[in-house]
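Below are two complexes that have chain A in common, paired first with chain B and then with chain C.
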Partner chain A sequence: MARRETGRLSWVAKKQASGAHKRSQSVRGMEAGALPAGVGAGSGAPAGSAGYGAAMAVAAAAPGAQASPTPGSTLNILDQPLARQRGEVSLSAYLLLFCELVAYSRNRVSSVVALEARLAAVGYRVGERALEYVCAKSGKPLPRETRILGILNFVVTNLWRFLFGKNADSLKKVGNSDAEFYIEEVEPLVNTFVSVPKDFGALNCAAFQGGIVHGILSAAGFECEVTTYVRDDSSKPGSAEVTMYYIKFSNEVIQRERRLAG
Partner chain B sequence: MAVAGLKGKRQRVKEAAGALSMSKGGNMQKLGELALQKGERVPVELLALTYGSLVRQVIADYESIEEVNKQLDLMGYNIGVRLADDFFAKSGVSDCRSFQDSAEIVAKVGFKMYLNVQASVDLWNADNTAYSILFDENPLAEFTELPEEYAQLSFSNLVCGVIRGALEMLLLVVKCEFVRSTLQGNEMNEIRISLVEMLRESAPEDDED
Partner chain C sequence: MGVQSFFVLNKAGGLIMQRSYSDRAPRLTQNDYIHLASTFHSMQLLVRELSPVSNARECGGIARMEATTFRLYAMIAATGVEMFVTCDANPATAPAAGAHDRMADFLKEAYISYTDYVLKNPFYEIDMPIKSEPWDAHLIKIVDKYNRVGS
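Let's look at the complex of A and B:
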């Protein structure tokens, strides 16, 4: 599947290769997806562009657009199968990197809110690339999700399982609103070794994961806002703190949802 | 998850160029593999995407590529300082008595244990104060290509910082840099490490009376 996809995608890439990408930022490959997502999703994501097909095509177009295959490498990065088995690295390595990411960000902001926003921004770029990868990795072609519940289920099961090895703990709807949902998680992976000093108040480093959720929803054509909270759950003495990713979809998404519901 | 797949799969090991001193390093490699399997793991992709996003952030924060390289190295150094403890607690490596020992340990155990990468030590200089670590798969740079204007970016410079920081905890001050990388079109990655100074262990000055 991946092979066929990349074939088609690099064709798209060639079509767009005629410039316009000179301003492309930094690093290409999956990395460069940020550029097109900024273009596609940032502009309000019209209902028609929802779904993976669109997202994948654009995401891959940018790297291809500048592709002058690196001398010496056998396969262009676009021709390498996305779903190939890549193995695993140690959790300590990942969490040490994450701690350093927090430390780096902390030294460049003046408030807890700004720190969370920075972490979320880094997570956002992970999320918008993760969509393509999670789809390719699932083995069989996934149907394109166009409905809110469908995409949210995809996030709490497929995305969570691929990135963190388990499902998210729960997905809930806010009482009387069609646009608001939240995902709960007791032990976010990135918080495993994080202890928040008192003077940092309600800092929750899982804002990074909230950013991932935001990124993947945007890439799939579901514009939304994602906020990450800590909720004290005094009813359960064992696990006092629960992380909540609160998701509020934008008006276009809600209108589309109503239309699709018929 | 990918755990099951990993076990069944033969590691894609392409031998790095040059004669490998496998007889000596074989044991070390096993230590690294063991430590990796014992601990918890995350998929390579999560690390690669997070690191890529982090590098972009640093690029956005600093104007010159040199400064970006420096920041990545610095972040790596901070990681390395903490990693040294973690390493000796989990790896099963008990002693590291010389600069030559440290080379084998970093390449064979460290790279395997943390990054699941098969690396080798080679290209020692005449007086044994500099060597290269060679490896071809770089999990940090998975999914990455460098555009031409970033040709000077040492994308995985973080790794150099980690090595520098960890070795400094062993009282070895080293200089560490990428000389070849697959991102820049070479067929393998090479990190050159040269010894600058061996610190002497001394009691901390402000020790209690």
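Let's look at the complex of A and C:
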């Protein structure tokens, strides 16, 4: 089934490139989408992500096979208004694409660590673009964040809502360090349907989301390292596993932070 | 409603998933479940050949079986994946009148969750046995829902 869908994607992606697609108006593309309920991707993807974007947009239309594309029937993607667009991406299509991303990456690496690194590298590219995206698409102009807490709050609220339709579960500071923070999430969107086999050990596909966090922080001028891992949390009922994105800012960022703090 | 067991077969008739949801479900060994599944698969093939519908692909095969000890509802997806579920036949816990549609809905819902939790899992290989904890958890929810509706 996944294969059939993929074939479809590339076909309609071409249509999207040449004209516009009726359904795609509401689901315009970014590598990362949003929950159907949430706020989603806007229009006008930067050239680098246009291929991805077209594929995403169209995937949502694909399941309802009756929607046949008629090029030129809607506004060209460049003519659509920039602000206040509620772009929504089909969760189903998004996770199918993510599934293929993991399956593709899995066949090209030799270890679990390398697989996570690869997913993070893809996420990094999403994050780099997402910062400008969120800023350009927000109704009112957003201030440029120069302080660590400011940018982290931006990540766990604005960015998370834009990408996943909800806030991140929590943002915490590592006790005795100014440079280390972590974001916790009980159910990362991309892990909704993922079941990791035992021989993959502690693989967490949310490394992709960790990559997004890394990308956006780097793009905002906060050099850092982001690692993603799973922590068992038996205090929470139901899901015992919590995904943590551990962020360690570089020395320059910390020095700048001290200077700004005065 | 009294859902007992749920089976998923691949298009070759191999058992790829089986779960029991009731104390009343017979406890069998894994091999017995595999035998049962492939026996049912061959019956499905026979029924589809025998059916008056000329094109075997159009015939849905066995949809329902009623026995003195259990009731069975089945469906075949377009891809050849088969699912069937057994329920109590005991009047106290058996599906009430009009429950047939409900059990068809159950299978449909289970199939939809299969397309989500199994086909969108990057570590699943088509036609191989299914091991997915999120799907198991989701199926238990569906079973509970239909058990509640029936009571």
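What we mean here is this: the second predicted complex is superposed on the first by the 176 of 262 C-alpha atoms of A that agree within 3 Å, B and C clash if a C-alpha of one lies under 4 Å from a C-alpha of the other, contacts with A are read in each partner's own complex, and residues count from 1 in each chain.
To be clear about the criterion, a residue touches a chain if its C-beta (ideal position, glycine included) is under 8 Å from a C-beta of that chain, and two chains touch if they have at least 3 such contacts.
Treat the numbers as computed from the prediction; the structure is a model and nothing was measured.
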Partner chain in contact with A:L189 - chain B first, chain C second, else both or neither: first
Larger residue footprint on chain A, choosing between chain B and chain C, goes to B
Considering only touches as defined above, state whether A:V126 meets chain B (first), chain C (second), both or neither. first
May I ask you to decide whether A:N107 touches chain B, chain C, both, or neither, giving the answer as first, second, both or neither? neither
Which of chain B and chain C A:N176 touches, first, second, both or neither: neither
Using the superposition on chain A described above, determine whether A:F200 touches chain B (first), chain C (second), both, or neither. second
Is A:S92 in contact with chain B, with chain C, with both, or with neither (first, second, both, neither)? both
Touching chain B and also chain C: which chain A residues? 92, 96, 98-101, 103
Under the definition above, what is the set of chain A residues touching chain B in their complex? 24-32, 34, 63, 66-68, 70-73, 77, 85-94, 96-101, 103-105, 108, 118, 121-123, 125-126, 129-130, 133, 161-165, 189
Touching residues (chain side chain A, partner chain C) in the complex: 1-2, 92, 95-96, 98-103, 106, 192-197, 200, 205
What part of chain C is in contact with chain A in the complex they form? 79, 115-117, 119-124, 131-135
Chain A touches which residues of chain B in the complex? 1-3, 5-6, 9, 11, 35-36, 39-59, 61, 71, 75, 78-79, 82-83, 86, 90, 113-116, 139, 142-148, 150, 153, 155, 158, 182-187
